[in-house]
Each structure stands twice: as structure tokens, then as C-alpha cells.
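The following pair of complexes shares a single chain, subunit A, combined with subunit B in the former and subunit C in the latter.
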Partner chain A sequence: MNSPVPAPTPSAALPALPAWFTSRQQAAWSRYLAIPTPKRGDEMWRFSNIKQLDFTGFSRSTGVPAVKEDGATSLSPHEKTGILPVIPDRQDACLPLDLIARSSGLEDTAAKLIFINETLVHSQSSLPAGVLCLSLAEALVSHSALVETHFMKQEPRLGSAKFAALHEASVVNGVFVHVPDDVEVAHPIEIHHWLAGSNTLIFPHTLVVTGRHAKVRVVEMFRSADDLQPGLAIAFNDLAAGPGSKLDYVAIQAFNELSRVIQINETAAARDATTTGFVLNTGAAWARNESLSRLEGPGARSDMLSVSIAAHAQEYDQRTFQHHVSPGAFSDLLYKNLLYDFAGTIFSGLISVDEGAHHTDAYQTCRNLLMSDTCEANSMPGLEINADQVKCSHGSTSSQISEEEIFYLRARGIDSAAARQLIARGFSIEVLARLGDEPLESLVIGFMDEKFASIAKASN
Partner chain B sequence: MSYQPSATLDAETHDAISVDRSKGDFTFPERNKLDAGRGLTDKTVDYICNVKNDPPWLREFRHKALKVFLEKPMPTHWASKDLENINFDEIRYYLSDGEKPKRSWDDVPDDIKRTFDRLGIPQQERAFLAGVEAQYDSEAAYSNVKDELTKQGVIFVNSTEGLHQHEEVFRPWFGKVIPTSDNKFSALNSAVFSGGSFIYIPKGVKLKQPLQAYFRINSENFGQFERTLIIADEGAELMYMEGCTAPKFETATLHSAVVELVALKGAKIQYVTVQNWSSNVFNLVTKRGLAMEDAEVRWIDCNIGSRLTIKYPGVIMKGRRARGEVISIALANTGQHQDTGAKMIHAADETTSNIVSKSISVGKGRATYRGQVHIPKHLKGCKNNTECDALLINTNSRTDTYPAITVKGNRHSTQHEASVSQVSEDMLFYLMQRGLNQGQAMSLAVNGFINDLVREFPMEYSVELKRLIDLEMEGSVG
Partner chain C sequence: MSLHIHDLRATLEDGTEILKGVTLDIPKGEVHAIMGPNGSGKSTLSKVIAGHEGYLVTGGSVTLDGQDIFSMSIDERSRAGIFLAFQYPSEVPGVSNANFIRAALQARLPQGEELDAVAYYHRLYAKMDLLEIDRKFTARSVNEGFSGGEKKRNEVLQLMMLEPLYGILDETDSGLDIDALKIVAKGVNAMRAPHRGFLLITHYQRLLDYIKPDYVHVMAEGRIVRSGGPELAHELEKDGYEFLKDLAPA
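And then the complex of A and B:
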């Protein structure tokens, strides 16, 4: 594979990065070079379309300028305005304004951050005292020690070690959220990522850390500025839930259908912590999601949820790992895939119960609803159990809507196309209900309905 | 550990017959008339061809297979690293049964005799299983069966005889269900195979009695590299049984069999295996059936012995409405890894497959289910059901499940379910309250877990199986 990016060189525009970070980046870069590119026959890439890993032609963005000369964009309680960059040498000079206007999401948010490529262009917040929510670039300078404690701690083990290393070596910006002990953030923190320009490559990074009995919910949306230019995102989200805390993370991936994305999630849940991770895939030509939950203390709970709506020739490749390190923890995974046209999905999940992790409860369910006779669903649900007194199960089904169901709805005056969509929608919404937050559910449903509408339009 | 340093040593002087009672397996010195020596080269293959008087096409086939074997890497990128412990240069690839080892019943270790007692194996069979007799004297017991088979036109011979005397039936299907290059071990078998059965059942013949490998006389029954080919012509039906529940005398540590089944239109084949090799054996087996229109292939598979078993019986459903089924029980005790599963390849409309797998891990044993279900595009009405359940007995027992299911198109349905559990304290308490000791209670619970599958085995087998599981469970609790 041709390397899409040159070796990292500390940018002159940025204030001096901490030494630990630059040395981590250099180490990651040599790791990136040393790790072989996945090839056919690698178990972690079974059924994958390896051709999608050729990232030739993508490069870091230069088009959208930094917000300030020094690139740091601290978040203060008041809304920042008037810092919108204007690019004189581009015809889409008012793109940032346009994108900020399009960055609609939830009504009530504790903070809202908007990135164009890797540049923070807008931020506003009303966070409780003590909560940190700032760009990673700034956090690296202002809270270097705290970031160091949590930054990319787990070893990627789902096949994308090479790309995780590339991300680590190349990351320049993202979001850092830290919620101190006993602080609850009532409304979600909302983050918008826009991929702009042709063949642009971005490395968004989200690091969320909760202290003891803290609570926070982070919602991220990934979109393309337009539908005609391919982009590539190698994104990483790192979630560390402290003892007894509650950390929810929702990612909505709705890039245009020319783009590709690798999204790596690593979640660590300490004693009695509750984490929920949800991924919606409606966009991108090819998306690879790797999601790893590590249950590190008794009473920890991890819910791993996903809905993917794949149409046209979209390919979604999802790998999950429920790692029970500690006894007495709980994990539950529910992934649902809807497949239209020539779409393909891969689900490979593993529940791994370490020696000594007794009294583990771990469940894994993947359901595929096949909506065309040319789609392809691959499922590889797996279990590795090394402990006793465990309750583990997995289930995987692939099926289509039965004629009886359609008949039932038609008998009630709903035409067959609408009936199919109704059932497909209901099939997906079951997962959303597990988020237990109505405004958030309607936000996600909004993205789903947009996709359903585009599918309906294409079939007419 | 199990190799005798030399076959030329006199049995009397070599009285240290390396009985390894701790592992429950035992060996005798060998005196084989024909021996290809250790290691595998072109010379070994030529030697086997010469001894067996193979026709030229087969000699060529074996040499090609050897090349494939040497070229193919070990599948350790997904399979157990334990495979690396096989030393291919130490293995003997051909031992003729020209001269059978002579030894007396008294040489058989007591614990094996006790096992035979506990299993209720007939005296005649015991001697055979212990390697005391060259073969089980089946002539008397089964002569009636043989007569009837001949009358119906059934061919039931060993594979060497099959390829020599029935080439016109044998050759068109030989190596067609499992090509040489299917995997490293099928290539190995293709290069050095000897023994195994060749069966042909003519059109419309439905056998009432199951066929058993040890009905056959003068055959290499439990060959190291046995090769079995069974062809059921249109509308024929048979059940074939391989192996037995008793622990078997074994000196060779690598077994690599290839079994090919061909069920023509409307035929039905059931293949029952009970594998109980001693716990030093690598058992790497390739088994696959081809089911044509309306045909059915069922694998009923039970793995209790061996150090490492890698076996995924498969069915290719090539004709409309063909049906494949794998029913599998695995029991992994300390020092064992049972890596079993199933492979279902749907290649025609309205084909259905069913996989039911149950495994029990005792002590430090590891049981793995690995499965593949493939439903390609342009087919309709295919169905698959997969269930795999694992039971863990001790705290350090281990179990894994790695299924892979591919479905293309929306006219099919598949479902897969797996669960892992252990015998609950409540259940044990309930049984012990009624006067059973802990071991008995555990045994009952385990037998209950696999009961619905054991019933699929022929009667004698299921009785023996239950007793065997009792035996294996002994000392695992408390």
C-alpha cells in the first residue's frame, strides 16, 4: 500500500507538543511501517474487500485553514463567533459558514463542536464547572499529563493495528472530554465532523474520560461537505469509564457514498461503570468499524449497539470484541444490518472471557435483514471462554421479510413498498430504544429516514 | 513418546513396552514385515506404490499430492499452534499388516481391561481392540450379513481392493469430493493413504443393517491414513459406522484420514464416527459428502479421544432439495483440544442443512466449534440452522465458537445460536439431595445435556457412549 501521508513532522504552526506525544507519534510511525498491510487470508480480514485498503491518492487537507494562527481553539463558556475562516484562494470560500449552518443536531446540548476536516471552526458550551471539553490539539498542551494517562492505552486487536498506528502517528486534532468525579453532564456533548475537499484524509480522535460516578453522553456525526468528492477518515474513539460512572457514546456515520472510513472504538469500563456504544452506518462506500469493550471491574456493563443500512454497493465491515477481564461483569451486543441492492456486510464478533473472569454474563446478537436477492451478509459470531460459571450466548440470523407480513400490511391498505419500509424501520428502531433518550433517538431516526428516502427514490 | 525406537528389536528383549498408564494409552513393540521407514520423501511414496501394486495413474496422483503437501503451509494462522509439534520426519507413513503383532491378553494394562469391562464390550472385540488379535474374527458373527450384501450387489471392500477391482466405479469419484489440494492434510493422505473402505450401494438398495468397518476381514481397519469412499447410487440408503467407543491401542501419533461420500439422486448416507484415540494422537481428518438431487448426507460424529482433533465434516448440496446434517458431540479432557465443526456448502435451490454441536470441556480441556455455512447468489429457498452448545465442568475448562455464515440474496434464511453454560449448583444440589453423590449427579447432568444427540447414534453405541462419558467424568468434580 502506498502511504497516504508523509512521516509526521511537528507543525510549525502549533505550539510545542509535549515530548511524550511526539515520541509516541514517532514510535507509532515506525510501528505503522513495520506492520504488514492486511492481506487476503488474514483471519481478521476474512471476507473483507482488501482492495478498499489502497489509500493511494488521499492526502491531508490543506484547503480549510486553521481557525487561528496557532491552531488552538480553547472552549470557553461563551459562544465563539467571528472566528470563521475565509479562504481567499478557493471558490467555496463560504463553505465553513455553510457547514456550520448545516450542523444541526439535538436541541439541548451541553456543548457543540464543529470540525471541518481537522480544524475546529465552531464551539459553544454550557458545561458544569470542572468538566473539560476542548480540542485535542489544545488539550495536549494545556492538560498534557491527563491526556497522556488515557491516550490510546489499549492494544488494537481486531485487525487494524496498522491503521491505529497510522492514526496515532498522524493525529493532530480531535476532542478531549474529561468529566471529574461525581459530576453529571445533563445534556449530550455534540460533535460534528465535516469532510471537505477532494481525496481528503482526516484522523478525527475523540477521547472521553469519566471520573468516579460521573456521567456524560457524547454524540458524534460524520458527514461530507458534498456528495461528489471522495474522502477518507481514519477515526479513533477512546472511552475510559471510571468506577461507577456512566458513559454513552453515539457515532453517526453518514459520509457520502464515495468516501471510505475506518473507525476504531476502544472502551474500558471500570468497576460498576456502565458504557453504551452505538454506531449508525448509513454513509460511505466502505466502512470498517472495530469496536472493543474491555470490562475491567466487577459490576461493569457494556452495551454495544449498531444499526447499519447498506444499499447500492456499500460495504460495511464490522468487528467486535467483548473482553471480560474481570469476573462479574456484563456485556450485551446487538447489531442489526439492513441490506439493499448489491450491499454487503460482515459481522465478526468475539466474546472473550479470560481465565478467572467467573460469573460473566455476555451476549451477542447479530441480525441481518436481506432486502434484495443480490446482497450478501457474512456473520462470524464467536466465543472464547476460559472461565467457569459464565452465561454466554450468541445468535445470528439472516432472513428476509416474509410474504405474510407484507400481506398483513397490504390488507390494511399499505402498499407493498411502504410495507417493506415500515418493517425495515421497525427492525432498526428496536436497537435505538436501548439508548433510552427520545431526542437522541429522533436524531438518529432522522438520519435513517434520510437513507430510507434515498433508497425509495432510487427504486422508483 | 509413543514411538518405538525400532521395529527390528526382538519383543522379548525389548520388554519395556512403554506402557504409559497415566495417560490411558499403551503400546506394544511392532514387528512389521513391510515398513516404509520414517520420514516422507518421493521414495516413501514409491515404496508404498510398489508394495500396494498401485496402477500408474495412482502413482502419479500420489506424487502430485506429496508435492502439494510439501508446498502448503501449516494452517496455524487460525488453527492451534500445537500442530507445530508434529514432526513429519519422525513418522512412519506405511506399516503393512502383513504380519500382525502377537501378544497375549495378559500384556494388556489393567486399566484398559477395566474400561472394557465398564463399557460392556464383548470378549472377542476386546482382544481385537487391545491389539492382541490381528483382527476381530468377524467371519462367524457377520457371515450372514456378508452373504446378503453380496446378493444385493453391494461392494464392500478396502480401498486398495476397490481401486484394483472396481476401478470403473472407484476412479470417477475418487478425489472428486475432496480434491488433493483441499488442505495440507488431505494432500498428505492422498500421498500416502492405505486402508479405509470402499463401498458401493446399487440403485434402490436400502441396507437395513448398518455397515461397520470391522465387518471386513483382512483389512487395515484403523489405518493411520485411511481413505474411505462411499457411493450410494440413486435411491440407495446406508448407514456406515466407523471406530468404536473403546479406547484404542495406538502407536502412531498422526492420523489423517480422508472420507468422501457421494449420495446420488435420492440416496441417503449416514456416517457415524466415534473417535476415541489415545491422548497422544493428532487426529486431522477431512470428511466431506456430496448430495445430489433429493439426497441426504448425515454426519454423526463423536470425539472423545486424541490430543488434538481437527475435523469439520462437510456437505456440498449440489442437487435441488438436497439435505446435509452434522450432529456432533465432543468431549475434551485435560490435555485435549477438540477442534470440530461443520461445513455446509449450498449449491442448489431449496437445499437445507442443519448443524447441532454439543461440547463438554472437563479439567483443562478445550473444545472448539468452527463452522462455515455458505449460501451463494442466484439460489433460492436455502435454509440453515446451526446450534452449538458448550458445557464447562471445571474452572479452567475452555471453549470457543467460531462460526462463519455467508448468505447472499434474500430468498434464504439462516439462524445460528450458541450458548455456554455449566452445570448449575442448584441442579447438583437437587440431585444430591436425592441421594446421589456429586460425581453421579454431575454425570447425570452431563448425560442429560447430550441426551438428545446420543439418541441419534445406533443403540449399542449410545449405551456405550453414556458409559464412556461416565468414565471420563470420574474424578472431575469434588
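And then the complex of A and C:
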């Protein structure tokens, strides 16, 4: 047994959280208790493995050993979060330094933040004047009104209302990004989340707000400190794109294969705003993604993208909602799943065009490439149209690699395993190309290749 | 040293016999052409040599410089020096031509050795220039959205990059206009060498005006029924395959 880690005590130095936030947390907790746990037969959980929702045994992280980057230990509250550090024991003393060192990503970033569980352990930035990029814990105190305006505004409607309530009741930290009118952030803001310890539960929250004609791209990477300890993340990303702005969000989920994750994305696009959301799933035993895009003004555009590589007995359960509230908006969803071994994926997508949302263009495509005879892909595309002069399409396909294609590659000397990997990688590239950013594509491909290598290793 | 085909018999999965005892010797340095009507088994011969799994070899042998190729997998045959230029090359979405050819070359290197990227592109561009292929081609997905001519040029580019011991070209001339045909022939002729043999499979004599064969064979109903010099191709062009009727097989 590990020695018990002292829990972080609320420090006297910790500024009080705003009243609106604490009362929302209390209300959310009541809501969490009131909403029944999803059960087999619920439409929103069709095909889902409900057993994964038993979170018994997981508990909140108790902080991380505080070691500054120069290696010195510190016992003062963290300068930004105010969270009191835990006295490092010998075993864990090097963990933060190790994880900071492992937090490699893009070469050019406007800001880089590293969290271990819910503690911000590293932060650097070179942002244009006026741009806010800080921990949520800090923003709740320093920019309370601004956070309140945008924090968890939309109704979760894709099945995880209970877990969204748990998240809201429990969230202590995350990232708040605010880009004021007419400011463009040239390089991405990069956020690393490390899940550390055994049976640790975290509630990462990322709130990104862009003003009129602002531009920003946020890239988040979710990983486990090691491969042997299960963890649970109930993550929320909240994106509010102001008029004419451009907001891109990329999430790379590469937790270890013992962990579970619920990730809820809510995007609101105002008039002429362009939003892109991309999710890569390579990790976790089970991941549930709920992604909702709300087109709130004419000319708004939402691109919803995902690549999932499910192997072994992994399960990815994705639910999407393209909500056209305003006339004259555009949404385009492309999800691609690669399935190996006994893996399973679920895609359930709905395009909903409200009454009066005329001249809507909405598209939805889900493609599954089945790499084994024992995997299972379920797709449930859907449309609800209550307006006129609407262009909508949805389609879902599942296929296997054609024997002729494999023969062609092998006839060039490429062995069967390498040929299948080339084809699988190629299958996903179409989605990545939509990001239109080569360094970012390379970063994502790096995570994909790591997964392909682990699949190849397991099959040898 | 040759690609030696001896009494080769092969059937489809349903048991239909397509190759009924083909014997042919292609020594290094020579170009052999096989002509024949549709359905004579020409393309099947090329696929069986390459290792296509849709056919079952029921008899005979094929040896590459004395080595039995039926003991090798598809990719091993390629690495051992057999190259098949496909009549209908597959599309490989999302895999760029440059990465595809690179993967094929990488597969020929010993484990742990990396292809020199600079030298690779240098060589690739030189071959592309010879085949009048635009530089943008390297980033395009393999054969995706290619015209017939582009696909065939791509096959010849791969032939030039992989430098096999034996090149088998399956109807590389089909679907090509005269200009594209000349370019493709230029590529193949550039690869003719004393250490390399070629088997050209074609329906028309036209290709052989640009790639001069040393020998011409006629295939019909799964067998080689006539062999001769280049003049045989002209004879066939003039008289067609009518004479086959007189060779009613047993």
C-alpha cells in the first residue's frame, strides 16, 4: 500500500471563489444527485457499455508533489492557483519534472500550460496584449464576471447531463482563454494534462472565448503519467466564438488503456464565426465524446472532425449534435474510425435545423474502416429539419481494406502489416488535412503513429 | 540467369483453369512480349507470377535466377526483384506518392537502416523529369483521381525507382494516347539493361513500335502457341489472331 498522501488544505491565502460560482456548484451537485444514472435502453446511450459508468473506486486527486523546475521543493502555495503543494515523498519527487520534460508538442506556441491532475505546474506565454490565458482557478477570482458570462452556458443534451452536473459541481481548475476583438493569436495555445496516481479522478475544464474578428487555436493533450494506473477524466471544453472570429480547438486523447474519459464539447458560433473542433482518440479503455455545435448567427461555420483508432478491447462512444438555430449557417462533420481486434465504436450524430433556420447547409459523414473481423462499429446518423431551402446530407459507411489495394502495396515489396498501416493512416489523413496546419497535422500524426506501433507490437 | 516459367498451370478459386501449361524463359538483358486475344490468360500469367491470391497454382514452376518464387510471399517476390506494372493500379487514398515509393524502398533496407531522404528526392525528381511528371505529383494520393495516362506513368516511375531484376508490364499501353505512350516507352527503354529482363503483355502491336522486343510470343487459351522475333508482332497486326482457329487445342 502507498502511504496516504496529505490532502491539500484550503490555504488562508486562497482567495474566495465568487458567490455565483459556489452557488452554481451547489445547484449542480443537487442536479447531479437528482438526475438518474443512464441505463440500458436510454436512447442517448444506445449500444453503450453502461458498465463503464460505474465510477466506484475513483477519487479526486490530492495534488502533486511540488518541485520547482530548478529541482528545489517548495512549500508555499502555488503562485497562480493558490493550491498548497503536497510534501514530496521520495518516490514521487521527480514526477513533475519528468512530466514537464515529457510535455513535448508543437515547436511554435503562443502559450504552454502543463497540468498534473488539476494542478498547474508549468506555464509560459508570449501572447499579444489583451489576451487572457490563465488557469481557471485564477480567472474565477481575477475575471469572475467574464468567466460567468461564458461558463457552461448550453444545456447538455447528448446524454451526459448527469456527468456535466458532476463536472460543474466539482471543477476546481482548467484553462480560461479570452481573445479580445480584432486580436489574432498567431501560434496555438498548447495545454498538457497528465493524469497521475492510481484511480485518480480529474475534471479538466477549458473555456475559450473569442471577441469580434479575433483568432485563436487551442491544442490540448490528455495523457497518463504511466501505463499501469487507471484514471478517470470528466472533461469539458466550452468554446464561444464571437462574431467573425475564428476559433479552432484540437483535443488529443491519449490516456493509458486502463483509463476512462467523458469529454463534453460545447461550441457556440456567432454570426460569421468559424469554428473547428477536432478530437483524436488513441487512448483510454473507454471514451465517451459528446460534441455539440450551435450555429447562432448567419454565416457561422462549424467543422466537427474526429479520428479514432480503437484497438484491443477499446470502446469509443461518440455523440454529436449540429444545432442550426440561425438561418444561413454551415456545419460539416467528418468522423473517421479505425477499428482493430475486438474494439468497438459508436457514432450517433444528429443535424437539427430549427424552425426559421432557412438556407442551412449541414453535412455529416462517419466512416469506419474495419481492420479485423471481430470489431464492431455502430453508426446512427440522423436529421431533423424544420426549415425550408435547406441543404443537408448525412452518410455513414463501414468497410474493410480491399484485397486488391493490399496486393498492390505488397507487390511493391511492402509487407502485409506495413501495407495495412499505410492504408489505415491514409484513411485518416483526409480529416487531418482539414486542420490546414502542417505542424499540427504532424503532431497528431505522431500520436497516431505511436498507436499504430503499439498495435503492430501487440500483434507480433 | 533468367525468369523461368515452366509448365505453369493455375486456376481461379472456383477451379476454372486459366493457365494450362505455360513455358517461357526470359533471360536477363532480353525483352519478351506476349500478345494474344482477350481472355487468353496473359494478365493472369503476370498476376500469378506476382503472387495474386485470387489464383491457385496447380502445377509447374517459376524460378527467379534459379530461386523458386512460389515459396515466397507477394512482398518477398517484389523485394527479390520482380516488378509488376499493373493494368489497373489501385488507388490508395491519403498516402502520397512520395511516401508510397519511399515505403517501398524502405522495405528493401535492412532493419534499422533509414532511407536517405535527400538522395531519395533527388533521384525521384530526376525520374519524374524524364517521365514529364509534374512536381505536385509527389504530394498527391497514390493514383487517386489520376487519368489513365497518369496511372501508367506512375507505374513506370515506380519501376524506375525500384530497379527490379525483371519487369512485367501488364497492358501498360492500354488507355494511352500516342504522346503518353512515347513517354512511358522512354522510361522503360531507359531501364533496359544487360542485368534486367522484361516481359511486356499487350494486346496491340503499337507498344512494340516504341519498345522493341527481342522475342514475341502469342498466347491463347492459357498456352504459348507461337513464338518468334519482332516480325511476328507485325504479322499479327496485319492478319489478326485468325490463325488461332487452326490451332484448335486438344
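Everything that follows uses one rule, which is that the second predicted complex is superposed on the first by the 421 of 460 C-alpha atoms of A that agree within 3 Å, B and C clash if a C-alpha of one lies under 4 Å from a C-alpha of the other, contacts with A are read in each partner's own complex, and residues count from 1 in each chain.
FYI, a contact is a pair of C-beta atoms (placed from the backbone, for glycine too) under 8 Å apart; a residue touches a chain by one contact, two chains touch by 3 or more.
The structure presented is a predicted model; accordingly, all values stated were derived computationally and were not measured.
Colleague: Overlaying on subunit A: subunit B and subunit C, fit or clash?
Modeller: Here the two partners, once superposed via subunit A, fit next to each other without clashing.
Colleague: Between subunit B and subunit C, whom does A:Asp227 touch in the aligned arrangement: first, second, both, or neither?
Modeller: neither
Colleague: Check the contacts made with subunit A and report whether subunit B or subunit C touches more of its residues.
Modeller: B
Colleague: Looking at A:Leu422, would you say it contacts subunit B, subunit C, both, or neither? Reply first, second, both or neither.
Modeller: Only subunit C; A:Leu422 stays clear of subunit B.
Colleague: In the combined three-chain superposition, what is the angle centred on subunit A between subunit B and subunit C, taking C-alpha centres, to the nearest 10 degrees?
Modeller: 80
Colleague: Answer with first, second, both or neither: which of subunit B and subunit C does A:Ile414 touch in the superposed model?
Modeller: The answer is second: A:Ile414 touches subunit C but not subunit B.
Colleague: Does the superposition put A:Ser398 against subunit B (first), subunit C (second), both, or neither?
Modeller: First partner only.
Colleague: Can A:Asp108 be said to touch subunit B (first), subunit C (second), both, or neither?
Modeller: A:Asp108 sits against neither subunit B nor subunit C.
Colleague: Considering only touches as defined above, state whether A:Glu438 meets subunit B (first), subunit C (second), both or neither.
Modeller: In the superposition, A:Glu438 contacts neither subunit B nor subunit C.
Colleague: For the superposed model, what is the least distance in angstrom between any CA atom of subunit B and any CA atom of subunit C?
Modeller: Nearest C-alpha atoms of the two chains are 16 Å apart.
Colleague: Which of the residues in subunit A come into contact with subunit C in the complex?
Modeller: Touching subunit C: residues 402-405, 407-416, 418-419, 422-423, 425-430 of subunit A.
Colleague: Tell me, which parts of subunit C touch subunit A in their complex?
Modeller: Touching subunit A from subunit C are residues 50-54, 73-75, 77-79, 84, 86, 89-95, 99-101, 103-104, 107-108, 141, 158, 162.
Colleague: Could you please specify the touching residues of subunit B with respect to subunit A in the complex?
Modeller: Where subunit B meets subunit A, its residues are 77-78, 377-378, 380, 390, 392, 394-422.
Colleague: What residues on subunit A touch subunit B, complex-wise?
Modeller: 41-43, 46-47, 339, 355, 358, 368, 370-400
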